[in-house]
Amino acid sequence: MNSNVPFRGIIAYPITPFTTTNEADLPTYRHLVERLVTSGSHGIAPLGSTGVLPYLTDEERDAITEATLQQVAGRLPVLVGVSHLTTAGVVRHARFAERAGAAAVMVIPMSYWKLTDDEIFQHYDRIASAVSVPIMAYNNPATGGLDMSPALLKRLLEIPNVTMIKESSGDVQRMQALRQLLGEDVAFYNGSNPLALAAFAAGATGWCTAAPNLIPELNVGLYEAVQRQDLSEARQIFYQQFELLQFMVAKGLPRAIKAGLELLGQEAGELRAPLHPLTEDEQRELRRILDRVPLPASVG
Amino acid sequence: MNSNVPFRGIIAYPITPFTTTNEADLPTYRHLVERLVTSGSHGIAPLGSTGVLPYLTDEERDAITEATLQQVAGRLPVLVGVSHLTTAGVVRHARFAERAGAAAVMVIPMSYWKLTDDEIFQHYDRIASAVSVPIMAYNNPATGGLDMSPALLKRLLEIPNVTMIKESSGDVQRMQALRQLLGEDVAFYNGSNPLALAAFAAGATGWCTAAPNLIPELNVGLYEAVQRQDLSEARQIFYQQFELLQFMVAKGLPRAIKAGLELLGQEAGELRAPLHPLTEDEQRELRRILDRVPLPASVG
Amino acid sequence: MNSNVPFRGIIAYPITPFTTTNEADLPTYRHLVERLVTSGSHGIAPLGSTGVLPYLTDEERDAITEATLQQVAGRLPVLVGVSHLTTAGVVRHARFAERAGAAAVMVIPMSYWKLTDDEIFQHYDRIASAVSVPIMAYNNPATGGLDMSPALLKRLLEIPNVTMIKESSGDVQRMQALRQLLGEDVAFYNGSNPLALAAFAAGATGWCTAAPNLIPELNVGLYEAVQRQDLSEARQIFYQQFELLQFMVAKGLPRAIKAGLELLGQEAGELRAPLHPLTEDEQRELRRILDRVPLPASVG
Amino acid sequence: MNSNVPFRGIIAYPITPFTTTNEADLPTYRHLVERLVTSGSHGIAPLGSTGVLPYLTDEERDAITEATLQQVAGRLPVLVGVSHLTTAGVVRHARFAERAGAAAVMVIPMSYWKLTDDEIFQHYDRIASAVSVPIMAYNNPATGGLDMSPALLKRLLEIPNVTMIKESSGDVQRMQALRQLLGEDVAFYNGSNPLALAAFAAGATGWCTAAPNLIPELNVGLYEAVQRQDLSEARQIFYQQFELLQFMVAKGLPRAIKAGLELLGQEAGELRAPLHPLTEDEQRELRRILDRVPLPASVG
């Protein structure tokens, strides 16, 4: 594996569980990370949207970063989310992640005020100057509030240690345009769960997903079928998980994963307000969906 | 081939050429149809958006329908577009197409006033009662002005001779949802050119496209690679044509196909106003794109 | 009144009623027009969206045009909708309207294929060359499928007999931008019913509306309060009708007006399929809304 | 003035200036607040979007809150922005603002994960239980990432100390719907600058705006013309400022206000990265716009 592009395949996102007194629950978190490490996934990504990064204090983020690296202990590469509304804030967290042993860091340009393309470029450029680890630029207009065009993403890849792109705009044409613009060696990752098959067909290097918390065999199985270039098998495995992927996105990843873990008999801690658990109707729907998924006996 | 679902593979859409006095140019039209029949495509679809159906009088539509059936002469199945703003208008054109020998008819619920789901259902139901040929229901919010949900499309498929769905909403998740709802035997067709690979990966039965006017080998090649379940080959052939597919959509199919035909040395007639030819800059861009496409020597 | 800008105030749109055998019902139509003429409105506009123009044959359109001019008989200026998908079609209908005595014609650039700004400009330019009556350019992205920017509308106003603009994009900022670009003498008309107050506040010359079929006193009352610069009175009269205006837009003007006329005891004929009457629940909701409107005893 | 609804008229938003070492510049900030207090505005609102609230640490927010209350010194009511991604974070800042002497606090439900209506309601309910000052609920889908419907806002107003609504969705129909649902006594405030005239016409109690940093006489003049129910004068004053209002929104309030203050000869400090100053072209455009505004000699 190229050290500038240390991720491929299934990159698994843990949730961040909280105690009943609204503190980060590190023992439960480490148990959930351990499940992901042994699930067959190819990388671990703490402090993503799934991990409710924006709801955490700086100190909580540091603690989660350290807990992840200690638990993973070099068995898989770790991609730490270091986004922050200010440039100075990203630099601070990226340096911490680098020192802690992250293989790479992920940065979404969180907005509030819309940023110009030049502002976004300078944001990444300053971050890239401050660390040596590779950076994954992450486009997700729905949560970040900014939409980076393929042309801007191409420009970001000219910064030496910006080497990977995660696309979650939900439009497979955007990934195709990236590959068209950048050639077949570009490392792009899909972050839109219901597009997993389309993205791999389009040439994605990996799939960034919280689904391995619930159905790791199906996620890994899809990737392996694609590696074998077996379209028929890939399609079949994809449709086995599509309904669950849709549900997760519709309900929000932290809420859906927490509920799914509990249905599988796992501790998942509390959510942090304003997030609330799935309603009982939503939990019943999730149970019906999980019951239809062909889960191997060994799961959980 | 099932007579209720008489289409698969590449369904090719001819443009409608006009004379300098703004009349339908039937000799040129028949030549263009002949090129499509001998191009390797698997079906011919006159009077689609590509054929500027909404710009034609009833009499012109009849003449195009007859010219197509005569020229094709049974060599391939013909799918005639019979959409009209009124229900009575669709019935009239559907009956004409059936008598002329169409294998099926295609109906998009053209709007102006937004229609309710019940209005759309009754529209299809009345049309279906008036003819015996199978009907392809066509969803294209961008041109038709109405967006039919997967749930409504499922309901339409309960009408006995509504047997096929063409999806052009530009979102591959919609096709995946159809297959999820309707099972793997549902016959859905992709009408969004840049999604050709993603749609076949998702299980599309066919691809409705004007591209065979310009690059039939690549269109058919993609389908054949998918039939062999060879994802790697399919991806490679797809990226060879992706830039052209994007251009066609961005410029509008009639304008782009006319210009492309002329660049390939073919007669393509005039456009009907308000449509105007591509600008010179756009034509130069198209030439550059076509020059990069790996065209076999025999094209044209 | 300037003959180049022959409309101000309330411009009333009749529906087109049909017989039970799906033909235009001219006697009922003339009765409905007569009600509008005597309602206090300042102009009559046949063959708009309200009059289901796109659902009519050329001959039906001619008959409606003639019936309107004969019934109005010079008592009010008449604005005839002459839109058509092709440029030649608009020219044909504009010439007919001019000969029949229209004070002006209205043209929305109906699309299907998106038109470029140059195509739209040439469309209007050719129409303007073919007639002498003034032309109202009509922007309504929701029904026409094209969105003309303030900059393009400014360009259209450079064509000598394009003298009026009707804005129905639903965004009052668009009207404000027109006035900013074009100065306070620009004649712009609001076609978005729930924006009636905001548009008059922004300086609109008139309001194009189907509401006078049901509540002419309130429509005219709003205009008169604005003419007196009495903001408080204008606001009060506006809120008396706002709920009905919202309902009309939500249900579609032909369906809502037909139902409202019947609730007021008027003949309104049939709708043409695919349009269907309001459901019984919708009719009950409309009755409740009409019951809350302060209607004078003389209405109907 | 009702102590539950302590705001009306022009509520002015200061920017937060930074030093060259990226710290909050409190002396410059207090000078900018003093200008607003003496400008004729009717309220002061620190820590809004204009004040880049999301880019500040908790300690910086506390310091800005205290500096504002000290500088205003009871001359005008102060509305403190206390939004935070977590419910606990809002409670902390709301309590601080209450102790510091705020007349009310403003809360936008910042998202990241979309919140359900129930989650939003409980978020406000918990905050309202924690303080006694009145709360302004703020809807701004573009910056907050969530769109609260009129029906949800109505529900929030059932919480005893949620007494005011600020609407910045950019659609005047939303404000009209609020008044329709809630009656003419509802206190709603417009936060969309280019809708200032339309919102006052619709009955808004006040206008939340950063514009008094640059053109306080025009902002106050518009409000006073509306109070006199003089629509003609209101319209004239509105169009004098409309171009500047559009520019401010297009470029982002902190960037535009900082540049405008400097063009007026005022200290405005630095922006915090990732925000960058207007480009030179943008600054020239702003100068041209300001030169066209009829500024009294006494400004600055």
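The letters A, B, C and D name the chains in turn, as written, and every chain counts its residues from 1.
By definition in this document, a residue touches a chain if its C-beta (ideal position, glycine included) is under 8 Å from a C-beta of that chain, and two chains touch if they have at least 3 such contacts.
Quick caveat: nothing in here was measured; it's all calculated off a predicted structure.
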* Could you work out which chain's C-alpha centre is the most distant one from the centre of chain C? => A
* Whole-Å gap separating chain B and chain D, where each centre is the average of the chain's CA atoms -> 51
* Could you tell me the distance, in whole angstrom, between the mean C-alpha positions of chain C and chain D? => 38
* Euclidean distance of C-alpha centroids - chain A vs chain D, Å -> 35
* Structure fact -> Among all residues of chain A, those touching at least two other chains are none
* In graph terms, with chains as vertices and touches as edges, which category applies: line, ring, star, complete, or other? -> ring
* In the complex with chain C, residue positions of chain D that touch it -> 170-173, 176-177, 179-180, 184, 194-195, 197-198, 201-203, 226, 229-232, 234-235, 239, 242-243, 246
* Structure fact -> The residues of chain C that touch chain B in their complex are 22, 49, 52, 54-55, 85-88, 109, 112-116, 118-120, 122-123, 126, 143, 145, 252-255, 272-276
